[in-house]
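Here subunit A shows up in two complexes: once beside subunit B, once beside subunit C.
Right, the complex of A and B next:
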């Protein structure tokens, strides 16, 4: 086996570039896909519920119930519908026209003056547990402010002995877009990296051009590098595009260093491309390679990377599985780099993990590529 | 006609299943993924690492800390003893939350003044932060109610919360039926979107066109294998969801299968449309991707459609998965009867018909 030859490598890279330029689908993957995905997801994915439709059932309206109901109509969190009959509200809940029912019984005002207090009944549609929990939180907030307002008006001591003073660091407004966009960039890079390279080796095998390559003096290392270099550059371009969109279109703050971001991204891209190449080398068949690439990248990156579901809450077995996912380390690095800054205690272990994956995938691909026909 | 379709179907099955790798790839991953994702996909936090910085020697603060430490989903990891120790804990993600009780807390409470407690939350994942703050509020409410009862204060109004259809608010009940839709979409689109493109690339599609097959027959022959595989896999997945994950199946199976039938019909339609547009397998794969990724993300699977801007909500109307998720969740958790879901059935039928028509049309025209 001869050493790397720059001339041969240049030839291979140039050939790959021509192939990219002449089949528009690779260019589309690298530049149109991130724009399209980031636009759709940046606007489409949000966990901030506002204007939640709520039925407020007041059986006997009076001053007390009116002041409580005003808490709902005056808030941007709720879009209240006022009803007088519980049965009607229950039907609306069943037909998904409202998400929750706030029910004040007939004797509400009378029981307010008794020592055990008056119940405010809250019925939520628990199907979507996450939204249900948010709605409960909103109603709790409305209820508390109402209590405090009442206490202030009547001049007695404040209603609640313990007051929680909450500080949310790194994202004080709890804007879900701030954490979703960095995660989305990670997912998009996972898709692009694997998609770009998953088919390239399999295609050469399927079309028989691999045999043609074998009779030339190129080494397998050169073939691998020749595939890697063009797609790496393409991937860096699409990463830059995604970050630019995140910063200027979605107004996500970047507190960390841009150079560190560049370094981590380059490292991750090597791992993602390496994974695509490995799939492609093993599969030798475009159908299988495509299937494997989609199955091993998109859904795992979406569900297991900590992008949206908290890894710490998963069962231990699943947490162990997530450790084998390069996307997990990239998502964690990006969220920290964007929102918290250069926190080395988070970044360094992630960089180490990404390096291991990049070396592992590229190294394994190299080992599995033989200049041999089966 | 059916004899010809039958022959084409057998050929498609052979093309799909004769190769061991492609056989494994079509059948095994969806089942494995359901198991892993079923456990992974949950919004419930069950081990929140938190730290307590308690400057107050009083009884009240100790009781408050005990409430947090005793809560099943909180897990105390550190007890910092100065302000300076808080930031590193949160920065390095060792603690998701820090509870800071000032030195005056017990004294304030005893004097009848409100005692303030600072809660610092890592907002890097704002959804986790919001859920966590909800848990904190619940604990604080419990503390308040007990304190008032002990000190003889009057309760004025109390909140009684009930959740219908999912009393413990387990997000797994919501997400596992969603995964059923997700995986079905994945398998059917992949199986069909490459089926025509592969023949085009290998040149066998021209041969197919000169046979006595009519485009409709080719269409049916290409669609049926995906249909049968999808149907089988879905049934397996539904069984796992009910028996393994214990998601309650409250509605009629017939309603579920009606929805399933239409969902497969519409997603196969899209798959075949993509396939007949593509010239190479790479283009077919890219097309499948461009359809599948947004369909999953914008289906209401993890983030509700109601949270999207209005124009985006209108875009989701062409997404078949959106309708299927409403049906499968309705049937599973709410036992929704057939007639209440009619508005979800016909859009899927329409999407399927439009796409299959376009695919049939493209079979003829796009030949090069």
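Right, the complex of A and C next:
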């Protein structure tokens, strides 16, 4: 009686596909939204600082200051404005025309010739802490190379005895796009798995079709699978699209195995579908289902998964909360797979966590779904 | 019960109780219901909204669990063997359970898959169903694009892909045009005859109940009576009459008759008044006329509605002489003197059309309504009644034509016209979590009332509509009949000259409907013009004049008696309103086919 019937399941899956194809909103969530998000994050939002407007205040121009200033003009990181008065520069900073002031004082060249080194004053707009930190780093770098170059030319050893040799691992180009795009895949899969699924289930309740379904010999397991299969395939399709765009449009490297990427994504998709179905057992109209899905799945995946904000620098309480988010484990796997390769010591624990979530959510929704209207 | 008799019972409820708990509120859907549905019969579950019909249906198919009692379907206990029961019954929920973005054929295929119909037998069953429902030409059309009547038939076809032993239909005819309704009944009886099916269907229409083999009258979760329609009508034999008084307005006549001591119920029926006499009082019929001059009376066959109303009235406390004088909606207000009836039409509709894209919701409608008239718009869902209303209220501009309300052209003076009209919308538009008093205060302030004047009007509404006892109750907790009263009070706060009522009585019980109409009649007598939409055929008879609409067009205008007279034929020498409606639709279809 309760055995799975292939005929019934096929009927349900086929129905769902017709509905997906005829409903512009599911196509939009599955294919247009990923493209839209990828374009925004790929092109629009960059966490790198380039062409930062900087005021360079030179109080007494000479050969040395001109040479240092040339460093700023020649760098793609800066868009310098040369001024002679600090007051003017401070106004520019206040009015947000520049993000930082590099101040070379009157006695710059005289003190440079002395061994204690010539100080440059750096004033940074700290409103956006992230950019501020980047600007400080860039200015220090420019200053450092200028000193080295000058030393090499004159044969004089610079006053700073220590030389910092930096090397960046795993994202050697330091392009934020390279970690945003993999993280986005997690967001997109959350949208399809949880939001879309919760919405289409709620729609069945709203339109009274669930009631008609329940009075047929169909089992709740079949109803569940009838939703899982189509949206699982839809989610994989959407993931393939996002990965393809990431690789070929945004030139994000994929160092790990595509198969492993596929496997981890499928696992996360199951967890997300489980969340969507779980929401729909509680929220039986589309508005509530949509709100619950956004608040409990989409926003956390966006803010707390490590997609944009580093989990390590969150307060402890929030860090503990992130442990209960499947998206966190998926984002970590994605970033590792794309930028570092098949690092099993990272991937395996994440796979384990995702498996637990998928089983938990799918199992709970199966238990909560009764062929009853209460 | 003998085994033989047991085999004859397909569905049995024994002492079933069902309650719903929502927060602090407990709602009793069914109190202690026992009934049995016999094999090969069409059993009607009759009652107003909130009577418990849908809960009973859902309990019978195992979608709900009873709190107490036992339900047996085809010899199986529903609570324990829900899956097995569901495999042998067919159930059509209220909104037909169709996927609107799937075509007719795809819907049928889905349900055939779900019901496990073997592919080999599908084609013949399918052809049979399509033939029976007349949907064969529309198999490729999306279900969402079908008319109400076609959706209803597709919903039925979907529940019949595998011939069930027991078919349950939850309000299958709500809002469907009379032609489709009649076709549905033909299909149901064909199924009973040809496939030996047993049918349980619920409806709020008492005229439909007459077509059932057996009926169960349900009211507030209790069974008032069950049996064959004739059995239920029988106690009323000798107590039902039809009176007429030429030259007297039928509203005044009805009011006078309702006040006669021996009269239990008096309702307008076209140009006559139908009377039900009190039980026990074996009066000579003439006594029921209460000495009204020139009036004549004749005995008529009892109807189920008479029986239902008699049961309800007698249950509520017969012989108390509870018949109140109809309220005076002018109340203590300055308008008490009443406006002098204006000459000429108060509402003019001239060649009005309204298009939505390519679709005509209303096409070339023309009618007038005189001051103090009760004018009805009768038609199924989708006929264009609500669109006409919205245009008259200035909520929707007309695509073409002229609309004048209270001599104001709605194109230029919609706001000025709106101040003179009251509007009660289909769903009552009350704020559910505000109390009765708060709703009244809000609606009166929406019409710029404040201070003493507002207080006066609120007191008037409380008194006239008998809402004082529930003044502090949240309006969502009121019964449907009380909600309807409150909605009407809200629409009357600013003393409009014209009142628009959009399906005001759908779903309320016959008592609330009578009370409602007595208020409407009293308003009309004070010179208020009333426009009302309805799909209850018998309600059309209460109107002075009415327009019959279908598919956006006005098919006929006139008094109820005129409309019925116009459709007399050999087959129907004395047509009912429904017969007339069907004849009009068929004439139109023939006219369209001829051109």
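The definition used in the following text is that the second predicted complex is superposed on the first by the 365 of 374 C-alpha atoms of A that agree within 3 Å, B and C clash if a C-alpha of one lies under 4 Å from a C-alpha of the other, contacts with A are read in each partner's own complex, and residues count from 1 in each chain.
Here is the rule we use: contacts are C-beta pairs under 8 Å (C-beta built on N, C-alpha and C of every residue); 3 or more make two chains touch, one makes a residue touch a chain.
Please read all numbers here as calculations on a predicted model, not as lab measurements.
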Original post:
Looking at the overlay, does A:287 come into contact with subunit B only (first), subunit C only (second), both, or neither?
Top reply: first
Original post:
So, A:106: does it touch subunit B (first), subunit C (second), both, or neither?
Top reply: neither
**OP:** Could you look at A:23 and tell me whether it touches subunit B, subunit C, both or neither (first, second, both, neither)?
**Re:** both
Original post:
Can A:12 be said to touch subunit B (first), subunit C (second), both, or neither?
Top reply: second
Original post:
Who does A:257 touch here: subunit B (first), subunit C (second), both, or neither?
Top reply: neither
**OP:** Could you say whether A:346 touches subunit B, subunit C, both of them, or neither, answering first, second, both or neither?
**Re:** first
**OP:** Pick one for A:84: touches subunit B only (first), subunit C only (second), both, or neither.
**Re:** neither
**OP:** For A:191, select first, second, both or neither according to whether it touches subunit B, subunit C, the two together, or no partner.
**Re:** first
**OP:** With the two complexes superposed on chain A, say which partner A:215 touches: subunit B (first), subunit C (second), both, or neither.
**Re:** second
**OP:** Would you please give the residues of subunit A that touch subunit B in one complex and also touch subunit C in the other complex?
**Re:** 23
Original post:
Given the complex with subunit B, which residues does subunit A contribute to the contact?
Top reply: 23, 25, 28-29, 33, 36-37, 40-41, 43-50, 52, 68, 93-95, 112, 115-134, 136-137, 139-140, 143, 146-147, 150, 157-172, 174-176, 178-179, 191, 195, 199, 203, 283, 285-288, 290-292, 294-295, 298-299, 302-304, 306, 308-310, 312-315, 317-318, 321-322, 335-336, 339-340, 343, 345-346
Original post:
Can you name the residues of subunit B that touch subunit A in the complex?
Top reply: 19, 21-22, 25-26, 29, 33, 36-37, 39-49, 64, 88, 90-93, 96, 109, 112, 114-131, 133-134, 136-137, 140-141, 143-144, 147-148, 151, 154-167, 169-171, 173-174, 182, 186, 190, 194, 198, 280-283, 285-286, 288-290, 292-294, 296-298, 302-304, 306-309, 312, 315-316, 329, 333-334, 340
**OP:** Report the residues of subunit C in contact with subunit A in the complex, numbered from low to high.
**Re:** 20, 58, 61-65, 82-84, 86-87, 89-102, 106, 109-116, 142, 158-159
Original post:
Given the complex with subunit C, which residues does subunit A contribute to the contact?
Top reply: 1-2, 5, 7-8, 10-12, 14-15, 18-19, 22-23, 207-209, 211-219, 371-374
